[in-house]
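The structures considered in this document are given below.
Consider the two complexes below, in which chain A is the common component and chain B and chain C are the respective partners.
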Partner chain A sequence: MSTNKEYLQNEREKEWRVELRKKIANKERTAKERVRMNEMDPFERIKYQNREVNLGLTAEQAQAEAARCLDCPNPTCMEGCPVSINIPKFVKYIEAGQFLDAAKALKETSALPAVCGRVCPQEKQCESTCFYTQKMKKDPVAIGYLERFAADYERESGFMSIPEVAPSNGIKIAAIGSGPASLSFAGDMIKLGYDVTVFEALHEIGGVLKYGIPEFRLPNKIVDVELNNLKKMGVKFVNNFIVGKTVSFDDLKAEGFEAFFVASGAGLPRFMGIPGENYNGILSSNEYLTRVNLMNAASDEFDTPVIRGKNVAVIGGGNTAMDSVRTAKRLGAERAMIIYRRSRAEMPARVEEVHHAEEEGIEFINLANPIEYFADEKGKVNRMRVQRMGLGEPDASGRRRPIVLEGSDFDIPVDLVIVAVGVSPNPLIPSALSDLKVSKWGTIEVGEETMQSSIPQLFAGGDIVRGGATVILAMGDGRKAAENMHEYLQSKHQ
Partner chain B sequence: MNQIVEKVLFSEKVAKFVVEAPRIARSRKPGHFVILRVDEKGERIPLTIAGADPVKGTIVLVVQKVGVSSAKLFELNVGDSILDLVGPLGKATEIHHVGTVLACGGGVGVAPMLPIVEGFKKAGNRVISVLAARNKDLIILEDEVRQWSDEVIIMTDDGSYGTKGVVTVGAESVIQREPINECIAIGPAVMMKFTSLLTKKYNIPTQASLNAIMVDGTGMCGACRVSVGGNTYFTCVDGPEFDAHQIDFDELIMRLGGYSSEEKIAWERYQ
Partner chain C sequence: MANISTRFFGLDLQSPIIAGSSSMTGHAEQVLKLAEAGAGAVVLKSIFEEEIFAELQEELSMRSGLNSDPEYLDYFDYVIKEDTLRKYLKLISEVKAKTTVPIVASINCVSSSEWTLFARKIEEAGADALELNMFITPSDPAKSNDSSENFYLETIQKVLHVVKIPVTVKISHYFSNLAGMVQKLAATGVAGIVVFNRFYNPDVDIESESVVVADVLSTSHDYLLPLKWTGILSGIVDVDLAGTSGIHTSETAIKFLLAGASAVQIASVIYPSGASVITKMNREISDWMDKKGYKTIDEFKGKLSQKTSSAQAWERTQFMKYFGEKAFK
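Moving on to the complex of A and B:
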């Protein structure tokens, strides 16, 4: 886990890196244009729910892009990475054509490189702190594309490396939930020699990676490969198991579990509480995406139904809203709309997702907020009333606060509405532990650096702590929790 | 895992399954439900637990064939396994000593009512149960309910068994006869609606156990939302039981039909 300066310096001074730096002059490197991701044609891709939009880079493209990286003595890009990937190391391996070594470097600190390379908001993380962005006002090195390239190359090569695992120390620990926070935690703990079991409430392992993120952005088989790696490393997965319900924490302690990492997610969708919101045809993005992604509702062979709307409105401007609206388009919507109360500049979604949505013909009705829904005689939604918004002074989030423009209401015909305005923490775990300290929002309170809760042997991370964030922040929490739980357990066992 | 160890046909469309589920059998309480998926292509469907044997490690589920998923489950036999089974879910029934309890069960609603009746009886209450169904064949678990009730009244729509009439007729006769401290209503939404209207008239606190549409059953999807006292709740984590007098039953009935056209297509394809 060492990411300290000395270690990075030593790695950077290795002969191959020094030689590689000398091969091309920095001036030449910085003169190159950033690579463009190969994408499936928008008109073609909207016909398929499960075909990936981004096609990945070719080896030539990846090497050329990797050559843009200056292998900085002080790699500021790493400061933007919640799981501290040794970015220059893996990028330079790509430049050198040693793609399998690049993948290995990624796996030193990330349990899910093929996932992160696809879904991380790199423009807000590593790429935002890249030398090109910060000092040269140029397009950053496409670190995310390169990460994906290395992980994909390794998977397709058939030579998947399994990270080294320390000899078993016999200490049993549990992770609750099987999303990105838990998987990252489990990866680190198994490497340290712990006996790790991951408990999942649903029938599928993977959490939001399976039920939430659509296959056109993250194919399930990619997630399965990463899960298999963890299995090969020795992580045990138990599905259909709700800690606190199926068995109590005390039962698990009696079975020998010494510490717990709770990453049960933000499993409670928020609604707006406006009139008519419980009409049929109005559902949460969680429900819509779960039906399509987890339950395969779009396929006739599967029993779970999904409503196919012609005029679909998705409320919200985050990644989940983009995933929902683009799914609706693929399921045959003639009009697939985003209704967002602020402007495009304030949208929390990844830039790439918004861009892809626009290419696919998604309509953006920004600065608009629903205030009421109307339905036919059977209770099925058929119209929504929307209010125009303006932008006022910045609020606590730093974004300009939306303000109501009175008398600006207008109606939009709709037959499916997907509400994607955020989630609240899942109450199942907090309600099972009376002495667990939770915030007024229902999130588990933990030490910011330790991820340790008010119950010493219980650590937590991801959305159950953050209340709704990204895959990579959850993974960062998992790593931090692993490091601190390790310390806690080692001192206990001395 | 999840193997069926016993199957009893109650009627052409209703069957009782005893399923191996040791952990759930030990942790479940009256009022809890499970979510199950019959096979790889199946839906996740909620079913309230109708009983359990913690020693044998089994739970009891009563299934009525109404659509594709329940039909698939119905067709399983002893020795078959249910692919996925998770629980216990929801909040357990609040069982305490109140005096006299009137338990109204309609159709297969009698199955989830059975452990609640047992619980109230064991808590020292006088329990009067009213079992209602369309006809004699659809009256289920009468002997079991009788075991935990001081009195059982049978009502059938066609008069083929017990007294002719709907559940509220039987319930009202009891209410007019003696003081009732609490009422439980479990069954089809319409039956619970009218039971609730009746007990409201007499100011009898009433709990109804709702059978909303669900996907995950853990609070994640919100498909099961219900209006109670003007606020929206999730049946899976806030329920499945609520104060019946506060429930918006018309909305519940409307929402139960939320996928009716999709379900119809699926049924035609299945047959």
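Moving on to the complex of A and C:
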């Protein structure tokens, strides 16, 4: 779906939009306060692993918030959206009370609106480039909340719209991995008439949306609805299938696949390499979250329950760390701690996640870095040594550099440690293709504009290219790859 | 033929000529060449914590265009260090498998936790000894002498606590009481002290009026300062010493042995001359010993140290009459 200026202008000049703008004076619109998200009570919500913290907006709240939007002639908010959602259009539909049309507008460019409305860091993207933020220095329109509202409304209404799909062109293509980049790619390619198959190594489709993000932030049923939409559009999903192991690329080519989109993610856990890290009770956030989110490890009825610590330390300051520590709290931790070597200001986690974690009683030990773990006679971790850090000059990422404060070591009793210091790109695909150009960090090298790799029929995006990306950036990669693969295949078939 | 074996790093060495840490000793092939040429030991290129930080900066700058998630940027804090260490440990195990000449690892860290972490890993990889390449630039007027000195001593103690392999320390002369500090360092239990560290130095280009990099390699006159302090210290501290900086010939190496060093470390001279300079120096030391009738290095080691010769000869610092009596054009 085109999002060029002319198209946007024409859309904006449609009668209903013009009329809607006239209904309320801009002065009145800008005088309104930003809506507050309805949330489950912190003391109540920490009892449940699978109950969502954010409860969504009511229709009245959503319409009131949508009315704050000025329907700008130059919608700068869209510049902040990697998948170019026509933001004013869907917001104005909400103001007009046409919620199903709002959802339809979202689906013009986004395969996962209900997901993005929940997990996108809007404060760093569309909302950071909103007119209110940039020019008026006021709270931006709550674009993320509205996106979620429209997607949820449509789902609950029972009138799910399925985007139009072009007649089949008979060209078989594959997406490897079923996370946000792949789903976005598959959504665009199926609309263009391709025969799309998504291969997933795990037993569940959804990639990081399922194994990485806990249900209190993104319920699996929400992801499933979006997946079903893609299925209804004709996308085929094959799980428990490892491309490069179960079959080779050559096997897939022999089966008629003409091009591939690799979005196999960054699922290789990293540790810090400090003494004692191999003791029992120290695990990666990947393992912890995957087991809880995907393998029912929070339930004692299953064969492989996860360790439930009383004093749980989570190392790291990103969203994965927040998800882990909040999960630990829900599984009964009395003291659930974030241990992060930089200050609160430098924490990479979404502001909302940090706020929710605080409400839930998570303890933040900032400017602290683990240097050693100790264990009892059975090899089970029981204590960690941490050193205090100060902050030096900003580094090349613009964040102040942590510096060790000598002689500041102290010990913390722990019985479970979750290490969330990042993940490495999945090495499976690069190791299966010797001609594939990869960086020294194991990410696939692609043309920045085309997402095309050193192997012409192979495109890639998401974490396997960026190393680490937000859901929406990965989705943007999927869209870009789809556009360029389409061009590549069309020129090949002409 | 005289026996030129000696002892340093707490190890028996076949020669007092040690290939010091330099860019050459960061490659397995060159390390093996130096060992084959007869080096008593090879000190691998230092891992610098600051170098790891510089690489991190480079990576972060390159990432800005990719809009990487800051969570991923955090990951580089760990992965670059791990990658550097992994390559270094691989170098150790690779060269250890191919030579019996002692392989000494060298590290330069900023924080004591990193010193100890690196030391543990290096020991696990099979290094024969560890040289701590220690230096804090004394350029912060707010920092007391004690705090700097204590950092050295505490770090060494922490490293000694976590490893069993011999640990030596390479120092600079920037101490307000060098002899006192060396005595304190010796008391920690280190297996040797190397004097003195050779630094990167800035220079000034008067044409472009800018600060530039000074010549990196030593000249054959640079040995005088470490020689003087070898002479002074060898008489008063109970620890093996090795001299380094400006040692380009066997003659200079012998001077250090006479002053009380157990060995010397060479690097700059190998760049133009190749590894064969070690073979040549070994032979010439042996010839000199034969000529002088020494069968072992111990027979003349420290013969001219301050303890056994004139204290004034080593400690005199002013020229006094020397230039006063010289004529000029």
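The criterion applied here is as follows: the second predicted complex is superposed on the first by the 494 of 494 C-alpha atoms of A that agree within 3 Å, B and C clash if a C-alpha of one lies under 4 Å from a C-alpha of the other, contacts with A are read in each partner's own complex, and residues count from 1 in each chain.
Everything that follows uses one rule, which is that contacts are C-beta pairs under 8 Å (C-beta built on N, C-alpha and C of every residue); 3 or more make two chains touch, one makes a residue touch a chain.
Since the structure is predicted, the reported quantities are computational estimates derived from the model, not experimental observations.
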Name the contact category of A:G332: first (chain B only), second (chain C only), both, or neither. neither
Check whether A:G273 is in contact with chain B, with chain C, with both or with neither, and answer first, second, both or neither. both
In the overlaid three-chain picture, which partner chain does A:G361 touch, first (chain B) or second (chain C), both, or neither? neither
Per the contact definition in the header, classify A:E406: touching chain B only (first), chain C only (second), both, or neither. second
In the overlaid three-chain picture, which partner chain does A:D395 touch, first (chain B) or second (chain C), both, or neither? second
For A:G193, select first, second, both or neither according to whether it touches chain B, chain C, the two together, or no partner. neither
Looking at A:G234 after the superposition, I want to know if it touches chain B, chain C, both of them or none. Which is it: first, second, both, neither? neither
So which positions on chain A get touched by both chain B and chain C? 273
Quick check: in the complex, which residue numbers of chain A touch chain C? 266, 270, 272-275, 316-320, 341, 348-349, 369, 371, 387, 395-397, 399, 401, 403-404, 406-407, 421-424, 440-441, 448, 466-470, 473
In the complex, chain B touches chain A at residues 23-24, 27, 37, 41-44, 68-69, 72, 83-89, 215-216, 218-223, 225, 227, 232, 234, 237, 251, 254-255, 257-259, 262-263, 266, 269
Interface residues, chain C side, partner chain A - complex: 53, 56-61, 63-75, 77-79, 81-83, 85, 110-114, 117, 120-121, 151, 154, 162
Chain A - residues contacting chain B, complex: 201-203, 211, 239-242, 245-248, 265, 267-269, 271, 273, 277-281, 283-284, 286-287, 290-291, 295-296, 300-307, 378-379, 426-428
